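In what follows, subunit A forms one complex with subunit B and a second complex with subunit C.
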Partner chain A sequence: MKARVAIPVFPGTNSEEETLRILRDVGLDAEIVHWSRGDRLFQYDAFVLPGGFAYEDRVRAGAIAAHDRMMDAVVDAAIGGKLVLGLCNGAQMLLEAGLVPGTGAIRRPTAAFTHNGPDGKFVCRHVFVKLSVAPERSPITAALAPGALIPAWAAHGEGRLAAPPEHLQEIVDGGHLAFVYTHANGSTDADAIPNQSALGAAALVNVEGNVLAIMPHPERDAWTFNHPDSPEGRAARGNAERMLRPSGGAALFESFAKGLALV
Partner chain B sequence: MKTRAIEIRLKIPDNAAYTAMAALERLGVAAERVERAEIWVFEVEDDADGLLVEVMRNESLFNPNKHAARELETPSPRAGEVWIEELGDDPDLRARLGGKGVRGVRSAKRYVGWRLLDRQGKPVTKDVAQNAADVLLCNPAIERALL
Partner chain C sequence: MPLFKVRGESSGALQSAARRAGLALREDELRRIAEELGRDPTLVEVYAFDAQWSEHCSYKSSRRHLRKLPTSGPTVVLGPGQDSGIVHLGEHAGERYGVVVAHESHNHPSQVVPFEGAATGIGGIVRDVLCMGAEVIGVADPLRFGNVDEADSHQRYVATTVVDGIAAYGNAIGVPNLAGDVFFDEGFNENCLVNVVAFGLVKESQIIHSKAPPGSAGWDVVLVGKATDASGFGGASFSSLALDAEDAEANKGAVQVPDPFLKNVIMRASYRVFEYLRERNITAGFKDLGAGGIMGCTAELCAAGGFGAIVDLDDVSTAQAGLPPFVIAIGETQERLAWVLPPEATPDVLRIYNEEFSLPNVARGACAAVIGAVQTEPRYVMRSGNEVVMDVPIDFLTGTIHDELTYEIEAPRTRDDGEAFLSGFDVAETFERVLAHRDVASREPLYREYDAVVRGTTVLPRGCAAAGVIAPIPGSTLGLAVSVAGNPRYGRCSARYAAEAAVVEAVNRIVCVGARPTGLTDCLNFGNPQRTEHFSQFVAAVDGLAEAASVLQVPFVSGNVSLYNESKGGGAVPASPIVGALGTIDDVSRVVTPAFKRDGAALYYIGRARTAIGGSVVAGVLGVEDRLPPLDLEEQARIVTAMLAAIDDGLIAAAHPVTSGGILTAVAAMGFATLRSRPMGAALDDPSPWCGSESATVEAFFAEGHGIVVEATSEDRFLQTMQEQGAPASRIGEVSARAELHLLSADFQAYARFPLDRLHDAWSAPLREVYG
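Right, the complex of A and B next:
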């Protein structure tokens, strides 16, 4: 039986459709759950919080959604060991909810994805992120190769990891730094980081490993037609079926699907 | 040098304040009404005249179609208020003042001012305001709450 994955949608969410498509393409029984049907959320095996601007980012990005009734089910699921993946605004929610890095109390954040450096401007840029923990650190990444490179689109105004020095040290020491920004060859420097994120962080994982918050969008580079100049894209030219196959950023969702069998 | 504070608030309905009020109610904070304003605290030259007018001329800060502005009596939160300051080097601050500036201003700090009122329309107690900051209005990892 396929695992049932909920994609909770808040007022202002905008990435639920591509999230739904990639989850279904990797074999999951995924459904969008509208905020008016939040009472259904307790039925699902896993959750993927999509990107967008929940509640127009009022107060702070992800802050209102983190305290929404919809998030009660997500918090309960996370505490119960179910897999939770947050993409972009979904990642901001997970930090505001205190689920990631999860070193403090629930709904008492110890870090944030906040205004981009250096000038606070929205950035839309193709990026690569590199797995920087052992794959088995999280069921969500367990099927990836060590140091796997995932292509994605950074599309955010508030994606810079920021936290007091002691909490940044906790993130490092606790193995919470799941993915860092790199160039296409896996090397990293300041130019590879689109927003001056602390530690070069693109994604964080919680203490237990079942909750992952990633700022860039792998679901926006998850089919071969999204990267037609890649080796698989060049090989697929003239072949619609191959162009529509999941590839690139799909790797994270394939690993997520396999991880569901581990929990 | 003098420290002076200008409050800029929406004169159209403030949906963010309403959303914050609804969230605070759900979180058990006893506020019947929530108001929000942008607070600018400026270090200005002693002889800087017309600060309010200068701020209102800066279209990065002030839009006369939707904002009202006034100078506060003191550059600190009043009863029932909590001011939220972003920690660290705030790129947004530079962007907001970038290129325009305000004549006579040597430095500026930006706060989001939240004012909480009770059922009688009176400012809430400091404990209630602190609670509102703790549960929603302030992320202590990146912000500081002034009461």
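Right, the complex of A and C next:
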């Protein structure tokens, strides 16, 4: 039977529709699950936690949602080896829930995505992220090329990875640093990082590799019409059908779909 | 119920009582109310009329002039009159889609408490679009701030905090910021302008109107949203008063408190209600609560359908006990809307809001609840406790009232004896100063605080092109382009010219991304209309908008008037007619971007070359005066037609309108757009052959002549199209693979090369200092 993917919606979530569209466009059987129907979440085979401001980002982004009843289903799934992908606010939730990097106890986070440097302001900026673990480190990235570059939009106020030094070391040593921010050519420096994130981190993966938390939004640069001046965009000029195809950031979701077929 | 004594009061006593009560109503208006009612009004009534008869709600002095605006045409689905206008976007899968657009100002609140004022501006305009049954798909924010040079000035605080407020609200509700502009001018030191535009998507067969439907007598009036509190009392009248530093503190009570978290949930719950009503084929009325609170909204909702209403204030969920009835009735607590629903649908709608979307758990006291009923008798009645606290003829409350104010024909404050001034100036140094000018420099430090891409529909995000573009319908390449314009440097010279130029610029911006203009929306920001000087500017601006829109054949579908933008010291804002434009791209695979595409391709300037630099950035930078460049509307209309024809035939590879900074700045912007991929520049020819002057070549590069710079794909066919459409076009140079601008004039051989990255640095730096 085809795997079913849930997109849980918390009060304050705002990116569920585009997340649903890209998952369906890469061939997945995905559904939005509203918080009033949270008990149904236990029926799903995989989870994609969408972006937004769940519970108004009170305390810290993702902190309240991490303790929500809906998150119990996600924690169970993660421990059970199901695939879980968190996008932006969803990524923040996964760190707050202790699932990523997953070196501590559940709901005892060892790291957080927190207020952007230098000034704490929300930043909306186009970025590239580079796969910085071996693709097979995670089923979610397994179909990507080594060092794959994925375009995405950073759009967050709390996306800077922060952790005590020993936990940062753990992230490096344990191969948790899944994606780092880079320029379009794959090089990186301070200018490539939109938020002063520690290690230049854009995404982290858990110990087992089945849970990935990514701060920027590949789903907002996931169709050719999102990037008309890119090589794919120029090639699609005058071709409506081609303009509507997934490309760019869609690569991560295509890899997620292939990974889902593996587990 | 306490009465407000009018009858038998002396003029002096009445005026001072009105002043003490914080009323903006004038003595003659108070006497008219008492006469019509045949008694002294209650306190609720007097505050109700104060709100409804404010300029903000009644357009009492502006309405008769606004009638001059063209408001019909084949693209108009719904013209001005309801909460928003609607223009036709296109068809997809057998459905006709419309774009809902509303435009408002939140100037006064933003000057007093910038964060909350700006945030609630976005919150309010989004509700205006939502209540038409639409999904909210974007916002735009034309902003005007004072001089922000001093780091610790109030102007700087306003300019940065307004942006924080817009970002905090728009980002949280998940609506992308698609377009906007910002100007800095001393004239806005004491009165910033925060105009907000919102866009929605609706199937034209599923529009919900802001009125009680036919046959709705006896139906429920349902209030949805935040618990009513004491915030926002007196907002409508507040916005119709001149600002005064002394009053600013007292006026803070009139500003509403935003709650984007709750709004996010209300929006999604309302989408669910739309679906529920469609499934059952139920026609309902839906309206946003804005000025005048519960009273203003429910009275207008029912009056629009030809009905009266009875509202029971005891049924309103309040945040605190003991609020006086007039505060509950008139206060402008945010995040509220009202439905008129058939009683059989009410329980399900309440369940969707209160249980499925659990409003009471999202914010304390938030809910949907029945608070009254539509009635046949054309009276607006409010009860509180066992008393009737308001009972007035509904049409007298909401109907048209007029103030006939005097105005004169505006005399433009410009020189007519302009001549070439600039031949002695150093082009290199001037160019960098123009790019670094506050009206030209990159806006990125400001707009990067706004989410431009949520919803995943963005094609050209803010700052990427002259207009924002989205593909709002999943599975369709139908595109919506949106832009704003309104140049205060022109407003200082001539309100009429500023208005015409705003229409032309907004439309040019739309055309440059390959969209067909379909509709306009305006916000008219002026000083106190009781002063002939200001009202004359207002009238001149409306005349200008009307003429430009008529000639360009793009109708106005919505708008707003914001008068009294002045402080009691007497300083009014520069005349600020601000225009937004919408356009359709039938297929976004044919969207035009500003980035240069091909080495060696020809660059053309479409439009008449100008050398007059009045009102331009370069005139300000160099401290010279000149006449305004002539604005030939008929010719602008031909430019639009010619551009659209050339784009249809695939003859335009890149385009950018000439606005602040002139042709050289537009060319630079087209180069900057290549910097993230493969950098390309341009080589520009000596302008004397095309500008018609040997001595004014520098002016030609910097004049702001309302034309468009394009990269042509095929020169012969391009020129033929321009000629057929009667649009002037001059070859100004070529695209080059070198990342520089190269000016080939013999006159300035010595400093003819500008590396693009250096220009980009000059352009990028200035606002970083303000916005961090």
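Things to note:
Criterion: the second predicted complex is superposed on the first by the 262 of 263 C-alpha atoms of A that agree within 3 Å, B and C clash if a C-alpha of one lies under 4 Å from a C-alpha of the other, contacts with A are read in each partner's own complex, and residues count from 1 in each chain.
In this section, a residue touches a chain if its C-beta (ideal position, glycine included) is under 8 Å from a C-beta of that chain, and two chains touch if they have at least 3 such contacts.
These numbers come from a predicted model, not from an experiment.
Superposition note: with subunit A as the common reference, subunit B and subunit C can be accommodated side by side.
Touch criterion met: A:Ile64 reaches subunit B, while subunit C stays clear of it.
In the superposed model, A:Arg125 makes contact with subunit C only, not with subunit B.
If you stand at the C-alpha centre of subunit A, subunit B and subunit C are 70 degrees apart, rounded to the nearest 10. In the superposition on chain A, contact is made by A:Glu56 with both subunit B and subunit C. By the touch criterion defined above, A:Gly117 lies against subunit B but remains apart from subunit C after alignment on the C-alpha atoms of chain A.
Of the two partner chains, subunit B is the only one that A:Ala163 touches; subunit C does not reach it. In the superposition on chain A, A:Pro109 makes contact with subunit B only, while subunit C stays out of contact range. In the superposition on chain A, contact of A:Ala261 is made with neither subunit B nor subunit C. Greater residue coverage of subunit A by touch, when subunit B is weighed against subunit C, goes to C.
With both structures placed on the common chain, the touch criterion links A:Ala235 to neither subunit B nor subunit C. With chain A fitted onto itself, subunit B and subunit C come no nearer than 5 Å, counting C-alpha atoms only. When the two complexes are laid over each other on chain A, subunit A has residues 55-56, 118-119, 121 in contact with both subunit B and subunit C.
Considering their complex, residues 15-16, 19-20, 23, 26-27, 86-92, 94-95, 135-137, 139-142 of subunit B touch subunit A. Taken in their complex, subunit A has these residues touching subunit C: 11-12, 14-15, 17-18, 21-22, 34-36, 51-53, 55-56, 118-119, 121-126, 153, 155, 157, 184, 217, 219-223, 225-226, 228-230, 236-240, 242-244.
Residues 164, 167-168, 171-174, 260-261, 264-265, 355-358, 361-362, 447-461, 471, 474-477, 587-591, 593, 595, 650, 673, 676-677, 772 of subunit C touch subunit A in their complex.
Contact residues of subunit A toward subunit B in the complex are 55-56, 58-60, 63-64, 67-69, 96, 107, 109-112, 114-121, 162-164, 167.
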